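Two complexes follow with chain A in common, the first pairing it with chain B and the second with chain C.
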Partner chain A sequence: MSQSMKGLRKIVITMLVALGIGALFIMAIGENPLDAYIALFKGAFNGKLRLGTTLAGFTPLLLTSAAFAVAAQAGAFNVGVEGEVFLGGITAAYIGINWTFLPKPLLYLACFLGAMVIAAAWAFIPAALKAFYGVSEVCTTILMNTVAVYITSYLVSGPMSAGTANPQTLPVNVTLFQFMKPSSANLGILIAIGVVLLVIFMLHKTNWGYKIRTVGTNPAHADYVGISSRKVFIGSMMLSGMLGGIAGCIEVLGVHGYFLNNFATGLGSNGMLAALIVKSNMIFTPFMAFFLAVLKAGAMGMQQTTGVPKALVDTITAVFIIIATMETAFQFNSRRKKKKEEQA
Partner chain B sequence: MSTIMENIDKIFNMSLIYATFRSATPIIFAALCAAITQQANIINIGTEGIMLVGAFTAVSVSYFTGSWILGVIAAMLAGAMIAMIMAVGHIRYNSEICAIGMGINMLAIAITKFLLKAVFDTNGGFSSPEIDPIPRVHLVFLNNVPIIKDLLNDWSITEWFAIVLIVILQFFFYKTVWGLRLRAVGQFPEAAKTAGIKVNAVKYQAMLISGLIGGLAGAHLSLGYSTQFIENMTNNRGFMGVAAMYFGGANPVLTAVGCLLFGFSDSVGARLQAYGIPSQFVLMMPYLVTVTVLSISMIAKLSANTKRQSALNVN
Partner chain C sequence: MNEYVVEMKGIVKTFGEVQAVKQGEFTLRKGEIHSLIGENGAGKSTMMKLLYGMYPTNRGEILIKGQVMENLTPKLAIEHGVGMVHQEFMLVNELTVLENIILGFEPRKGLKIDFEKARKEVTHYIEQYDMEVQLDKKVSQISVGEAQRVEIIKTLMRGADIIILDEPTAVLTPQEARRLFEILDNLKKDQKSLVFISHKLNEVMEISDRISVMRQGIHMGTVNKEETSPLDLTKRMIGREVFLNIDKAYGKAGKTILEVRDVWVSSQKETSKIRGMSLAVKEGEIVGIAGIDGNGQSELAEAITGLRKVEKGTVLLNGQDITNLKPRAVREAGLAHIPEDRNTRGLNRAMTIEENLVAVRLDQPPFTNKHLLNKASHDTYAAEMISQFDIRPTDYRLPTSSLSGGNAQKVVVAREVSMNKKLLIASQPTRGVDVGAIELIRNTLEQAKKQGAGILLISAELEEIISLSDRIVVVHEGKITGEMPASEANENNLGLLMMGGHDKTGEISEKGKAGEHTV
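Showing the complex of A and B:
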């Protein structure tokens, strides 16, 4: 069996095990698991509003999961995507509100570029600390997430506040067209898909992509053949930050039309989960992001119709990840083979 | 700013010492939880999750049994259970430790949320007068000693225990055979194996004890530091603990010093809030200080290391 088929088989088995464990939880609180899962599915797809909500939820997850996966290709564990989404969002909001001297098409561009630059700069800090001084990027990115959230929270309730009770900014002057009203699904989904395809192409078909993958597999080898592993590491983290920034920009321009306090809570971490489950395989990651978006969107419907708390979905996802990280689980025949080889 | 200067004696006074220690204690427990596995070269990213599960277990057991001791014990066992999931995944099934650690953290947030809804039928948080908190120690003989009285009286039991635990772990790591084996496993597993040490057994033991301490950290947070459970109440304290552990190089005493630094910034920030500093800056302070201190300490360590190496290269 080929390597990718094996990977796929493992993902499917893991998914079934996770859903099985979820079923046990549902039974433990006295509900019918089958009813709950059907309600979950209906909650995600039944009707224009629900399908649109699923798609709107999928858009940022697609970008944040790709952001985590890109950093992982170079061996970085970037938990900081969430902070980058927040900072990208606030930058896009600032430019979208204040730079009205630009003609509209340029204003769109400025919003996206601004979000990307600020987010990439934010990602540069932990990346450089890791590359040059060996400071654990897991720790720094997690703690910097909180700092980023508080920075945006300060801006949106202070200098950039629209004066409403719920902290938010004034509306931005450019928005992305919402094509499935009343849901907030918007043209950002096309941008997200395009960007992710571009990143996949870049990783597998260009010089730079090759460098990233080399550094991720073996940094010592990279340095030996003349690829600066530090530079590539920092570059991939900054690219990861840019993707996070784009996600924030799409949320602001497409979904809300203004910057809302705490608007992106969980976007980064959910994207990370999607990427972790498939071991940051760039091809599988978007599908896993879609699967998680379906689970998230359906969770609300499940809670309303069956009384199963929607936190169950997060529990299932977490179990999913924990089992998925176990590299040598579910490799039935290969382990048996190994034993035979050892005995021989 | 002028008001801050005028009130400087209200910000920096004797009660700041206890305030610092009080906000540092949960992080100290978390850092010790991370330190013990770090000695075996396992970075315990799951500290946050272990703590959160411990906090929830402590509150619910204390609520249903009316006994804080049972709450603390149950929290420690729950922490150990979560740690063992990580241990089995990492040691037996070859999980990447950061990945499974983040999985554990997500699981902890989700499952406590789920149980909060399923058991107590509330969202957001749970508090009740029927939760039995960890008692505070009132030392009667200090009643007549002026300054010490305010400084040392009415600490909760677990706050005293944090100090005891630092000493115990320091002793275990550096003065016992088990500690030597633990460090050997962390620094050079092949050599440890050659010396007849069961490497995986030692790793499992480290994870188990780490889980017990992490559970205690959670119990202290929800029964000692406060008397309630709130969704995600650990609020990245576990990660601050891991950062402090890096700062102290997994040495319990140095690690605790790092935690005190974070506790200090937390308490000073809380006092500054009264003088017109925006709350967001105050809330962000401990995180900012943690990142900065962690970076500076790692940079210093690295440059010391290179200096030592270049000295070796001279001849």
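Showing the complex of A and C:
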């Protein structure tokens, strides 16, 4: 427990340092950093619309960051979450539009299950290539992202097009209740939180979770005790894909009500960032996702009320990552120093 | 007074808590071939990597050509004429042989590389030492033996007159090894000084002038070839330390539990590392595998337990064919396995003692309750194992990375032995652990045997093999060279078999000199 307290403290400090460096940038362009941050905070929380927008932005980020982190538990580096979000979204749209023969409750279920199945199947491809042929999943997932985006682009501009000027599909027949109108915050947030809690429970309390953690920390040991590192690797990648698929489904049913071309750009990579900053710690990842969501949502408010461009938020995020990586470098450095002293 | 081109005195090198070299001594004369021998992990390669400047030493002094070397780096070593041919070749597959040789210090003509000049220089070396290398082929197209010659030329081109060869014959066929020896002889005639690392005694006896032996990081002496014999070297390599006598219950061996029939297995580097081994283990007996490390013992254990592919032959466990089954299926068929490397295979150092203890029982009740971990039963079991096997510290929530070697090994032994399987494969069960743990582990094995388990014991400690086993099987270069009851075994007759001979007349060294591969 003290270990995670230490981790938490580190994250808070990193957060403050990142904001501090951001403040320097704000001063450099001649604005008051305090005003800017207050504007940012207000932009994210002040009022129903703003708070709702923050929550709506947080929902997919929570899922995509958990998706990246859960794959990382088994030692996989899944850059493909974004593609999985797109495919999950288009699948949910297809089912939601066409399977009207199902009663409504079942249609909801079908949308989510369909999104999960297709996204998991998509994630299976790079996972199997890695497990059986040693092809780097980093490369394949990056490449497959582009493929996934173009598949959905084709579908939404062609066979599934609603015929509007913007490439988008017809509206789906089931939607998730938006509880903070006019923002697009919707019941999907509860689903997302539930799913992530379930994943955390699974990782620490079930056999499968134990196996994922074993494979992620020592695959040779896993094989020796009779845990197939390949199977578990593939399984965790597919689980990661499922989470991405759920994110896509929630975006379509909850936010838009139809599939919109390029609707999920950046969701996968932002989720990955959130997970990477906290080294894919499953407990901290959701908090980091929330922090990033707040930054993103508040940025517009900051730009409107002060002269600080919203791109500053990207700078803060980048500084954040640099510090997180530097910390590893520092650890390495101090270890080396210690070694040298021992030798002397 | 400066008779040595290399002197290494009182060398100590540790990696974390592992002492790779405890007391290293080495000297090299001009124009000699000096072999450095010892078992895997004895510190041979580490010593030479220190000389090449790849790691800093913790203590000790290195002199090259009479000059004390401080903060030695590979760059500095090369400047002083040291070259090293590594076990893994460092060549670029997509470049030609010539390009590989000059890579990094290309002779230039204006802005272009002067290939003419390079070719002339390289050809000079090829002819001088009779090396036979095709300069215009890509490295990916040439044989392992040729790649090795390319590596040697590379060191020569960089001006090396002290050349270290790290187990050069491990990757070669006998014919290629023969070619290599001719080249080494040519180099020697040209006053180059060579270090030859190996654990194959017949080769060492064939080409060396002097031989140094290392065991467990300690220099065990240097001898002239004329003054030694393979038997003497074996004794120095494997040592003799008798400090433990278990009252052995000879025995009521029951029915056959493990049967290995004509098994062939490849290793990472060598195809056919094991070439047709057959052996059997009965219930209630310990069968010891004796042999110099690296003669196929590790691969045998991996092949039986499903961790390495069996190319040919069958493995029967209690009558059931388990050849090439998954490790899990093999375990379910009735086998437990103490692996030789506890830090990568045996334990997951990132996880706790408790999690490591339950690793192989995860899917069986009461440890699991319909896919949920039953934490309470884990706790009880871990506490029980910790007291039964005297694992310290006793807090099972600690990560195994915090354990000492002996206690870490006890975790592995506790987990495997408590499975009460009919067959136990124990690979190097006491390697690198303290005396107390050795005693506990050996008694545990003895106890398991009394309860009717068949045990296949693989150990580099001859003393351990002799004092624990009922029967001893000796392996050499992937084949079984002899088998005898432990009561008839001693260091001399085992030593002979470990060097590959099946006669007891001691003519083995002559065969070795004649260069025939004895079986």
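Assume the second predicted complex is superposed on the first by the 324 of 344 C-alpha atoms of A that agree within 3 Å, B and C clash if a C-alpha of one lies under 4 Å from a C-alpha of the other, contacts with A are read in each partner's own complex, and residues count from 1 in each chain.
By our rule, a residue touches a chain if its C-beta (ideal position, glycine included) is under 8 Å from a C-beta of that chain, and two chains touch if they have at least 3 such contacts.
Please read all numbers here as calculations on a predicted model, not as lab measurements.
> Looking at the superposed three-chain arrangement on chain A, would you call chain B and chain C a clash or a fit?
Superposition result for chain B and chain C: clash.
> Please work out whether A:P105 is in contact with chain B alone, chain C alone, both, or neither, and reply first, second, both or neither.
In the superposition, A:P105 touches no partner, neither chain B nor chain C.
> Looking at chain A, does chain C or chain B touch more of its residues?
The larger set of chain A residues in touch belongs to B.
> Does the superposition put A:G163 against chain B (first), chain C (second), both, or neither?
After superposition on chain A, A:G163 lies in contact with neither partner.
> Quick one: classify A:S228 as touching chain B (first), chain C (second), both or neither.
Touch partner of A:S228: chain C, not chain B.
> Looking at the overlay, does A:T214 come into contact with chain B only (first), chain C only (second), both, or neither?
second
> According to the stated criteria, A:P182 is in contact with first (chain B), second (chain C), both, or neither; which is it?
It touches nothing on chain B or chain C.
> Now that the structures are stacked on chain A, which of 8-16, 62-70 or 170-178 shows chain B clashing with chain C?
170-178
> What residues on chain A does chain C touch that chain B touches too?
none
> Touching chain B in the complex: which residues of chain A?
25, 29, 77, 79, 129, 133-136, 138-140, 142-144, 146-147, 150-151, 153-154, 157-158, 269, 272-273, 276, 309, 311-315, 317-319, 321-322, 325-329
> State the interface residues of chain C toward chain A in the complex, per the touch definition above.
Residues of chain C touching chain A: 56, 58, 305, 307, 326-328, 331-332, 337, 339, 344-351, 355, 359-360, 362-363, 368, 371-373, 375.
> Quick check on the complex: what are the chain B residues that touch chain A?
My answer: residues 43, 45, 85, 89, 92-96, 98-100, 102-104, 106-107, 109-111, 113-114, 116-118, 236, 239-240, 242-243, 246, 278, 280-281, 283-284, 287-288, 290-291, 294-295, 298-299, 302.
> Which of the residues in chain A end up touching chain C in this complex?
Spelled out, the residues of chain A in touch with chain C are 205-211, 213-214, 217-218, 220-228, 343.
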